[in-house]
Amino acid sequence: MAYRDEKLEEEKVFKDPVHRYVHVRDRVIWDLIATPEFQRLRRIKQLGTSYMTFHGAEHSRFNHSLGVYEIVRRIVSNFENRLNWKKEQRLLVLCAALLHDLGHGPYSHSFEKVFGLDHEEFTRKIILGNTGVNHVLRKVSASFPKKVAEVINKTYGDKLIVSIISSQIDADRMDYLQRDAYFTGVSYGHFDMERILRVMRPREDQVVIKESGMHAVEDYIMSRYQMYWQVYFHPVTRSAEVILTKILHRAKALYLSDYTFKLRPEHFISLFDGDITLDDYTRLDENITGFYFQSWLEEEDDILRDLCERFLNRRLFKYVEFNPLLHVKEMVELSKLFYEVGIDPEYYLIDDSSSDLPYDFYRPGEEEERLPIHLQLPNGKLKELSRQSDIVEAISGKKRTDHKLYFPQDILEALPDDSRQKQRIFEILFQ
Amino acid sequence: MAYRDEKLEEEKVFKDPVHRYVHVRDRVIWDLIATPEFQRLRRIKQLGTSYMTFHGAEHSRFNHSLGVYEIVRRIVSNFENRLNWKKEQRLLVLCAALLHDLGHGPYSHSFEKVFGLDHEEFTRKIILGNTGVNHVLRKVSASFPKKVAEVINKTYGDKLIVSIISSQIDADRMDYLQRDAYFTGVSYGHFDMERILRVMRPREDQVVIKESGMHAVEDYIMSRYQMYWQVYFHPVTRSAEVILTKILHRAKALYLSDYTFKLRPEHFISLFDGDITLDDYTRLDENITGFYFQSWLEEEDDILRDLCERFLNRRLFKYVEFNPLLHVKEMVELSKLFYEVGIDPEYYLIDDSSSDLPYDFYRPGEEEERLPIHLQLPNGKLKELSRQSDIVEAISGKKRTDHKLYFPQDILEALPDDSRQKQRIFEILFQ
Amino acid sequence: MAYRDEKLEEEKVFKDPVHRYVHVRDRVIWDLIATPEFQRLRRIKQLGTSYMTFHGAEHSRFNHSLGVYEIVRRIVSNFENRLNWKKEQRLLVLCAALLHDLGHGPYSHSFEKVFGLDHEEFTRKIILGNTGVNHVLRKVSASFPKKVAEVINKTYGDKLIVSIISSQIDADRMDYLQRDAYFTGVSYGHFDMERILRVMRPREDQVVIKESGMHAVEDYIMSRYQMYWQVYFHPVTRSAEVILTKILHRAKALYLSDYTFKLRPEHFISLFDGDITLDDYTRLDENITGFYFQSWLEEEDDILRDLCERFLNRRLFKYVEFNPLLHVKEMVELSKLFYEVGIDPEYYLIDDSSSDLPYDFYRPGEEEERLPIHLQLPNGKLKELSRQSDIVEAISGKKRTDHKLYFPQDILEALPDDSRQKQRIFEILFQ
Amino acid sequence: MAYRDEKLEEEKVFKDPVHRYVHVRDRVIWDLIATPEFQRLRRIKQLGTSYMTFHGAEHSRFNHSLGVYEIVRRIVSNFENRLNWKKEQRLLVLCAALLHDLGHGPYSHSFEKVFGLDHEEFTRKIILGNTGVNHVLRKVSASFPKKVAEVINKTYGDKLIVSIISSQIDADRMDYLQRDAYFTGVSYGHFDMERILRVMRPREDQVVIKESGMHAVEDYIMSRYQMYWQVYFHPVTRSAEVILTKILHRAKALYLSDYTFKLRPEHFISLFDGDITLDDYTRLDENITGFYFQSWLEEEDDILRDLCERFLNRRLFKYVEFNPLLHVKEMVELSKLFYEVGIDPEYYLIDDSSSDLPYDFYRPGEEEERLPIHLQLPNGKLKELSRQSDIVEAISGKKRTDHKLYFPQDILEALPDDSRQKQRIFEILFQ
């Protein structure tokens, strides 16, 4: 029997708090889960620094990846009567679902920003390189790894398959909204996924939604909007991320300036040098970064030491609403005042902004484009969601942005009360 | 105003998936949570290796500690009309609740076994030593740290306070059953805590339960029984723990035999030497152990390398039901056969047993004694639970033990099929 | 001790699936619940005909009334530190919460429409008349019943108290959204009530919301919007209601035309005559209406018999989208066609519309006005919600209306296929 | 196409709060649900008088019947790979599941006791008589109604099919435990049904459970035990039932003694005369009984009027623990004392007992016998559950009985304080 067709003797299940059970029958899926590259996702938190705001948010990308797989499994099972798929197509979409986040590293957002990495590129490299994952996928067929990578990369020819994995209402988003709501404990993030799965219909080039399911989709979109602002962009989470980013900045700057570390940061050297290999990359996880952050508590450099201590012990920066674009003059003055009192504004005065597009109709060519949601009317015609739903129309295409300025209030407060700079700094920040 | 009496300006809350919100009004509690020793609990999983069986079980001891505090806060608030406590008594029981697990290290069970440690001793040392926690507690009063340590140690004079923290139906157990059920996703672990809190009554020397709440308590006890056998003693979890224990054994043995590590395991040296200090201990967390386990993938020693690879990539040992006490001869023969085929049975043939006492009436002097549960009858008299409840009586004092034998099936299967030893090994294991 | 101050010896609780427990400590509340007028609410469904669409929606107004009381109890308990209320004020708002729906009869919406009744007027009459409820309330003070009636009527002087009971985010709405979601089983209707209660602040003339709670309020408003369209205005529910309304119409018309009923409908006579007394009214419940509907299955009149049979056995009318305002000509033609084939359009061709204002800023003097929601900014100033929230602004004041035309498809289909009228009727309906 | 094979064009779903969705694809099922006899179940509460104790317990037998059908649908769908069923077998078990409670009337327990009825007999009669249900079933085949009746009656030849509907772990019990827990809001009644369904295995003559699912079954059994004592046998519920039973007794006694009712109780005459027809029976529902109970508030007979007033307004009897078997003398004395003070003990001094067998191994020939639960060991052999599970063994076959004595405390308290009889009555009751 072809490996592609091999079924496990008995279905295996994972107990999952969000989807109750994750069901696995295909040997390929079972073998992929057992690879070191996939197991590594257990050591990378799904929500980065969010656990400092929501202490329950300690779940890993391993969790989420299984969840996306399970949702796609259910979608495909619902489609079985309506589609005439070959076996490989089914496996293709299941594997792409399982592996779509494989290239994430620890605190990806910060690492990507500081070191110019791209986790999607690493996903491709892991799938196509000399890895456990590639070894399993090749057993399906020589060209299979490439196809899986293309589906994840949205360049695969069969647009229906791509849209199951990546659209404005795909399995990825449906899993993370519910999962992150579950683990943080917030009451947002609920929507009737079972109903959405029931009203999904496969068309030649995309998944569409039966019109009768419109309200369930509205609910999903509002859910998403709330999760962004209540959880993902929470200012305390961003404070921890700002500090983390600055730790990486500082460590790199020290390395490039020939500073001598007490403990040479072997795992970071190729990152600092800008020539990280796949092997180096997959070795990185949150144990490794945590180890170095703790080691750096012993370093001579005051800034690195202080930032690491803040991150480990959650002594975060405070923040104020502040749009630096509107207040260039004050920002310059603040920087100057920080220098004058001996605080390096590069590491201690950080502006950060988040923005979110709750739902977007199609604007080809734009960054982060995801396919719009189409409703299938009773007559079989399609209609873009925001043209049918008042609620979605109302929020569609409206980008909301939030600007914050982060700083170490404890250090500022420790300045002498009669310091002119201190008074002026507080005046600007809390005017 | 005395520090003891200081309230936060506005109540702070933590969003908690189990108790919805954790409420903090006392400055002492807020300051304790901010100490490095308490924040460190974020880096230690509540359920050790259980996440390899239940992927959702990635929550930390930080989570659980907040939960126990919150339950005790609610108990104390219910008692306020019935008790005439001084302010310090209230703070005492809240602080003891928050800090009761402070001395846990990574994978405590394995570390304690291999290195002869005792996490309760470290809890005491952190509370009484030169630490952030001690510094905060001393602000209440000079004798306060000692009192908190005594409550946790069950030696404090006021037995009512001790029983809120440690009994067969205390806040510790009520939190972990619900929390572990929530994160694993199992359907056990539910009971009506709100009702139990409502029927708890403070007596001079213990908390008792109004008789009308008996069924809720029965439900809690059955819940506990199920969680032990379905989650805590799950054989896959124990397989991972067996491997972890053997990693520590091997690393220590190598160190003592003057093996040269490629990367000297600085964080383990004092453990290996048996003279670990408080500072060394609090530096240990799961980032540190994870870092070494990964580093040891590069070691020359085959056993250490293999065990670490198994642990990180979840290539666990298989198991069979096997009671070595009943099968001494077979165990000896198996060991011999393992040696003959070049597998060291000390590291690859491990018997492990778990046992549980679902509920126990009082047997003074026994190990792990916890106070029995007393019902308060309408006439005010007390009656021990198992004398009133048929269900509890039926399971009371009945110890259940489960014996398993763990081994690397993959290695055994890779032996040549015509190997006499292989055949005999499989014969014994799967007879 | 004044009756007003009497507490129950021990707090009583009701197990409630939505709020877990409903707590009662005041004797007044306990005694009110025991009155015949309040117990009568057990025999009136909270959601009228919705159980024909959502079979779980069989819960009564008794359920909801306890729920509103419990929410108000929690609000008042949260306010206790911030308010300097006299005892009577507390009781006043609790009693008003418990009794606010007391005047509802069976299927109020239909009965009110057909017989020109007003349930709010009956609430007042029950509170002020010679009833069990009035008897209990008078024990608090002679003027207390009048005050309770005024609070429910929104004419009471203390606007803060009124706004707890009636505003766009009052206890009434918070209970019914959650309760109706729970019993129908839909996944809408969830919002973080605990958080909303925490951010509610009493001001002199109204309850306001701390700005930090804005997102929880947004979530509540979206929840409300979804519940209206997914549950309350469900077209199948409205079909049952259309039939019910027509039963009442027909029975009244027969009575007025001196038709002789086999079983004289004693309980309806004063309704038909338009001179119903309080006693007659409180005797009405869904047992009584159900009894007559079943009896009328034996009546000679074809229309009454058919409509009752449809209602009891859920043989409902079908519907199409149809705005009679836009299609006056077709509506006239349809009526004519119905007459021609012997179907009385007055009873068998019914247009029905529902409309909803998801959130409204203040427009004094308009029907059904409820107070807008005000946010309290950190500086203490108030800001109307839709001026702060993009989402709410987007949907604010936008009335959505849905028009449907109901008809008995089974009867139409039974017409001979070559009937010109049948063909034309279907042409118009399904064009 | 044979009616048997007809599928609905599109699957229909009912939103169910317990199972999320109830799925219907077969035309037979859809048509059965639409029959008057099945719709009538909406007018009969699942839990009789329990709503007086748990106000949420207002759900109907319609709810439960759909739920049992849905569970059986899932079981059958899981079995499809393992069984070689003909189409009719599948429909047979689905129809039997849907219709198993069809013969229930209002407050069956009381009606059966007073009038010597048997709801199972009426289930058979409805299925086999000239009814809507029979008409639908006959379309499958002429012998189909008889087979459905036999499955429900446990006399059908295929014992596997019978055991899906009736055993100690059948779909009936699994639905009602979860459903009644949901609507009452109690925290008992939860178990992992999804897991139990996954470990069910069809054998020739019964459904068995894979041994690995033993703990889930233990949890189900404990759940059942708790629900019996916490919900089904709640003394307040039984108080309402005692009163209801006495209403029926009194009305019958009055009728037989030629008492002239103000409103002749037409619907009860054949019951009183002991010659009720199927038509009379299916006309009974809780609207009808409620109508008469209200009408009887106007009757001359003091006892009937008082009992009805108690039932409608929930002025229930109080109770004490009292085993009349052990206290015959006191019971006789109490009766005498009641007579002396003018209270008829036949209607106002009622002993009532409940008993439950949490789990039973097989004892053929006993009343209410249900099949024991068999575990299927890895070697394929079967083992009766209580021989494998310590917990189940501990409670197996242990009947627990609870005796209570009910009386109108309000009437007794209204007796003059110096009444010798009053003093003695209270002495006996509250000794």
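For clarity, chains are labelled A, B, C and D in written order, and residue numbers in each chain start from 1.
The definition used in the following text is that a contact is a pair of C-beta atoms (placed from the backbone, for glycine too) under 8 Å apart; a residue touches a chain by one contact, two chains touch by 3 or more.
In UniProt terms, the chains line up like this: A, B, C, D = HD domain-containing protein.
None of the values given here were measured: they were computed from a predicted structure.
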{"item": "Pair exhibiting more inter-chain C-beta contacts, B-C or B-D", "value": "B-D"}
{"item": "Remotest chain, chain C as reference, centres from CA atoms", "value": "B"}
{"item": "Chain centre separation (chain B, chain D; CA means) in Å", "value": "44"}
{"item": "Cα-centroid distance, chain A relative to chain B, in whole angstrom", "value": "32"}
{"item": "Computed distance of Cα centres, chain C from chain B, in Å", "value": "52"}
{"item": "Shared interface positions of chain A, touching two or more other chains", "value": "20, 186"}
{"item": "Complex contact set, residues of chain D against chain A", "value": "13, 20-21, 194, 198"}
{"item": "Chain B residues within the chain A interface of the complex", "value": "14-18, 20, 34-36, 39, 42-43, 51, 54-56, 58-60, 62-63, 66, 182-186, 283, 285-291, 294, 312-315"}
{"item": "In the complex, chain B residues that touch chain D", "value": "186-188, 190-192, 195, 215-216, 218-219, 222, 225-226, 229-230, 390-391, 394-395, 398, 400"}
